[in-house]
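Sending over a structure as structure tokens; questions will come in a sec.
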Amino acid sequence: MTPGLSKNDIIEYNGSVVIYIDRRRRRLLRIHRGGTFSSDRGNLKLDDLVGLNYGSKVKTSLNIDAWLLKPLLIDYLELGIRRVTQVIYPKDLGLILVLLGIAPGLRILEIGVGTGNTTIVLANSIRPDGHVYGYEIREEFLRVAQTNLEALKLNQYVTLKLKDAREGIDETDIDAAVVDIPDPWNVLDSLHNALKWSAPAVFFLPTMNQILKLFEAVNRHRGFTDIRCCEVFLREIELSSESVKPSTTMVGHTGYIMYARKVFKYSNAKA
Amino acid sequence: MTPGLSKNDIIEYNGSVVIYIDRRRRRLLRIHRGGTFSSDRGNLKLDDLVGLNYGSKVKTSLNIDAWLLKPLLIDYLELGIRRVTQVIYPKDLGLILVLLGIAPGLRILEIGVGTGNTTIVLANSIRPDGHVYGYEIREEFLRVAQTNLEALKLNQYVTLKLKDAREGIDETDIDAAVVDIPDPWNVLDSLHNALKWSAPAVFFLPTMNQILKLFEAVNRHRGFTDIRCCEVFLREIELSSESVKPSTTMVGHTGYIMYARKVFKYSNAKA
Amino acid sequence: MTPGLSKNDIIEYNGSVVIYIDRRRRRLLRIHRGGTFSSDRGNLKLDDLVGLNYGSKVKTSLNIDAWLLKPLLIDYLELGIRRVTQVIYPKDLGLILVLLGIAPGLRILEIGVGTGNTTIVLANSIRPDGHVYGYEIREEFLRVAQTNLEALKLNQYVTLKLKDAREGIDETDIDAAVVDIPDPWNVLDSLHNALKWSAPAVFFLPTMNQILKLFEAVNRHRGFTDIRCCEVFLREIELSSESVKPSTTMVGHTGYIMYARKVFKYSNAKA
Amino acid sequence: MTPGLSKNDIIEYNGSVVIYIDRRRRRLLRIHRGGTFSSDRGNLKLDDLVGLNYGSKVKTSLNIDAWLLKPLLIDYLELGIRRVTQVIYPKDLGLILVLLGIAPGLRILEIGVGTGNTTIVLANSIRPDGHVYGYEIREEFLRVAQTNLEALKLNQYVTLKLKDAREGIDETDIDAAVVDIPDPWNVLDSLHNALKWSAPAVFFLPTMNQILKLFEAVNRHRGFTDIRCCEVFLREIELSSESVKPSTTMVGHTGYIMYARKVFKYSNAKA
């Protein structure tokens, strides 16, 4: 359970709920006295939901079924987070978690926090003994990131810094890093200093120009190996009784994922 | 750091190392006295590696560069695990982690453990306070799964059961479930009983026939909502100095991912 | 050159032109006296375009560059055709042309003409000695198809029939067939009678349910072999000076293409 | 019917046949006296096939069904052509046909003929009044291309030239062009001179580096507009009675398709 998400099975005041009618009509709400959920499929009075079990089905004012779901991380990512910047999608975040081996106890560096979407997933995964160090140069984004982390009570696992990573990283002994800035070639030295020996970093790159430029820079730098690059597609399948088929619309591109591990620049070995 | 993976920065006897020459020549080895790494790019005596720092570069007997990397979860998944069955790929596992909100402390149900590939990723993510309950009906697979978990010292977070999930699940209050068996429609009742209210399950489905059959069964069952389905593609990008391009060969299909959350079957609400 | 498209290099009254400002601002127009092209990037008086060479660049009233292009088949498909029904996309049409070996002189059967989008491409490819026989049961669609074919002067190569193909096909000795109806399993006998021995047919199938049902029916029918199925994705790459990348939005699905060739149902051979 | 392919319905000596057992066991053969087809599913004496109808089913020496199919263009592309170079795939060729509006009567320029795979498809589509002009600088490829075209009796519609297109194209008034060489930026002037006003060209580009370099060159050249780029994926669906699913292996990449139309370099218009 993500810390800020309800630990209860019963809907309470100031708790959150996902009201789910169908894929297009689902909303993440905080329950407050006198509040209303309204949709083209009818309304619900939030007061009426208090005391109900998560998982319950209720009827809207138009007699349409609505389910009351306990919010999960994915709901928060899809419905609840305040975004100002472009975010890394769940399909990419998932692969990044596995590629980096993100797990409880790790010390993670994030360069380019934006509004904290990735930070939330990282922080939730390294709890309670790990830590995320997040660098961001735009103060207004950092404030939103802070708010998002506090809403999920994940802020204690994160240190956000208003600082330009190109000028250096304060931390060392970092287990893994996520870099999501437009000019990642400018942080290779900072990154190399911060990472543990043979620790991995992932770079999120929207354009082909960035792949070419970063690959050239990483090669020239010589302090990284096991360099890989890939992209992930997610295709939704629409389910209805007589017609199961892939969705007509699809996100065709988010970004490329490049991966590399820190090594010594020069042969240092007796072997 | 995954528990069974080295906590050290220095290569030691009985520790593990990834010897990386290039994308096709990389191997996960345990360091033992008198051992040898051999490849078409030359050999290495393992004794010579002891005492070196992870991240070091050495020369093979043919004077080719080889890097010594500290094994990560992804190395273990790609190079180290003993597989007997078809496994869920990192691209799918990653999305499953995010869709289910897998995080420290959760109680996870896995129906269809196979040889434990998915179990490892789940166990590593819910440490130290969570637990994975894994069901499998083929004893020979369960034994391999147990060995794989022990190798990574993750077995303490997992209870493996030689038991047919179609006949019921012993646990209740499960936070999230992964179902990877050929006939998931036969475990819907067991699954519904085991899950917490509004908790999610993911089904891994190789064929279109299974999507159609499971979707029909889930609909008839009525105890699930927020039913979605998708598939994930991963395309590798080949990096070389004058030629960056997607890989010619690609895994075109692993399986579809269906997702659903447990709800009350009947309206139980005053609203 | 498609017959109805201009044979001239000079823009004339009653001729057509594509006015191209950028990918989003391009329009296929007929030149008529006193006409105007208007856009958020400025207007053009059509009278001013008469006498200009195709390929010319002019300035709109807002001093923006606009190119005057001679319409091609692809412009007609993308910009010019009147559509009432869902059409087969260029990416799918192209593969269908190659799979069926569509070429000058062939006799083609089309079951499910719709508004004639596919018919245009087929007719344009079998000219001048081939012929397309098109079946459609909805009269209003057939009228639009006829108008579309006449606009491109392709109608002489096509016979459109308001007739239910399930009740039989009048023609025999057909070289290749395209079937785009919701229930293709109901025309297998008609199709088998119409095709030449070993001639191919392509079925366009939007849903997984249709694949499963048609494959079962074709197997039961026994009169077809070399049965294949595939799907085609097209991903656009956005080009701009510092940022080349795949388009964020993409058509995720149009339909599956199934392919089969007519054979004798029973062993008839001395071999 | 492609000219060199059989016009008959009966298998004859010196004619061709596709012997089809299953997707993996299919072969395009010429029937000669005393010849044999042999496979791990049994053999056939070719003399026994003479006189049979195309579409017939026969039994191999191991009593396995084999179908006798009349070869189509797609069989020739997949099974019959002699290839020395990398070829453009049917999925890409199909889209190129539609993008360029290839049709009977057109004059087509092909820069980079290779061994004539694309040439065959173009020649077959512009018959009988159109013509393909093919440029290639490697004599040994040109000889194979010539042989391939003669085998299909398409050579009368094609003029092959052992000539470097970078030094100029002899023809003008070209309706459409296909460019498949490593350095297409070096033929932009030649191409611009050869094409009709507003006529289209397609460039086949395996790498991202080529996209970036060609796009920059086309922009600098200023003589082209409606510049687009895309890539096409083809995913095969495996059909078997209880298991319909996309193929595990897939061609992940062949090349990017860039498209542009010739325009005047400078404003030449009174408008």
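Going by the order they are written in, the chains are A, B, C and D; count residues from 1 in each one.
What we mean here is this: contacts are C-beta pairs under 8 Å (C-beta built on N, C-alpha and C of every residue); 3 or more make two chains touch, one makes a residue touch a chain.
Predicted model only: the values in this text are computed from it and were never measured.
K.L.:
Where the contacts of chain B and chain C overlap, which chains show up?
P.N.:
Common neighbours, chain B/chain C: A, D.
K.L.:
Are the two sides of the chain B and chain D contact the same residues or different ones, given that same means over half of the numbers occur on both copies?
P.N.:
Mostly the same residues form this interface, as more than half of the numbers used are common to both chains.
K.L.:
How many angstrom lie between the centres of chain C and chain D, each centre taken as the mean Cα position?
P.N.:
Inter-chain centre distance comes to 20 Å.
K.L.:
Centroid from C-alpha atoms only, then distance chain A to chain C, rounded to Å. What do you get?
P.N.:
Result: the chain centres lie 43 Å from each other.
K.L.:
List, in ascending order, every residue of chain D touching at least 2 other chains.
P.N.:
In chain D, 208-209, 211-212, 235-236, 244, 246 touch at least two other chains.
K.L.:
Which residues of chain B touch chain A in their complex?
P.N.:
1-2, 9, 20, 23, 26, 44-45, 48-49, 52-59, 65, 67-70, 72-74, 77, 90-91, 93-101, 103-106, 121, 124-125, 127-128, 175, 196-200, 208, 211-212, 215-216, 219, 225-237, 239, 241, 244, 256, 261-264, 266-271
K.L.:
Contact residues on chain D for chain A in the complex?
P.N.:
Chain D residues touching chain A: 208-209, 211-212.
K.L.:
Contact residues on chain B for chain D in the complex?
P.N.:
It comes out as residues 206-209, 235-236, 242-254.
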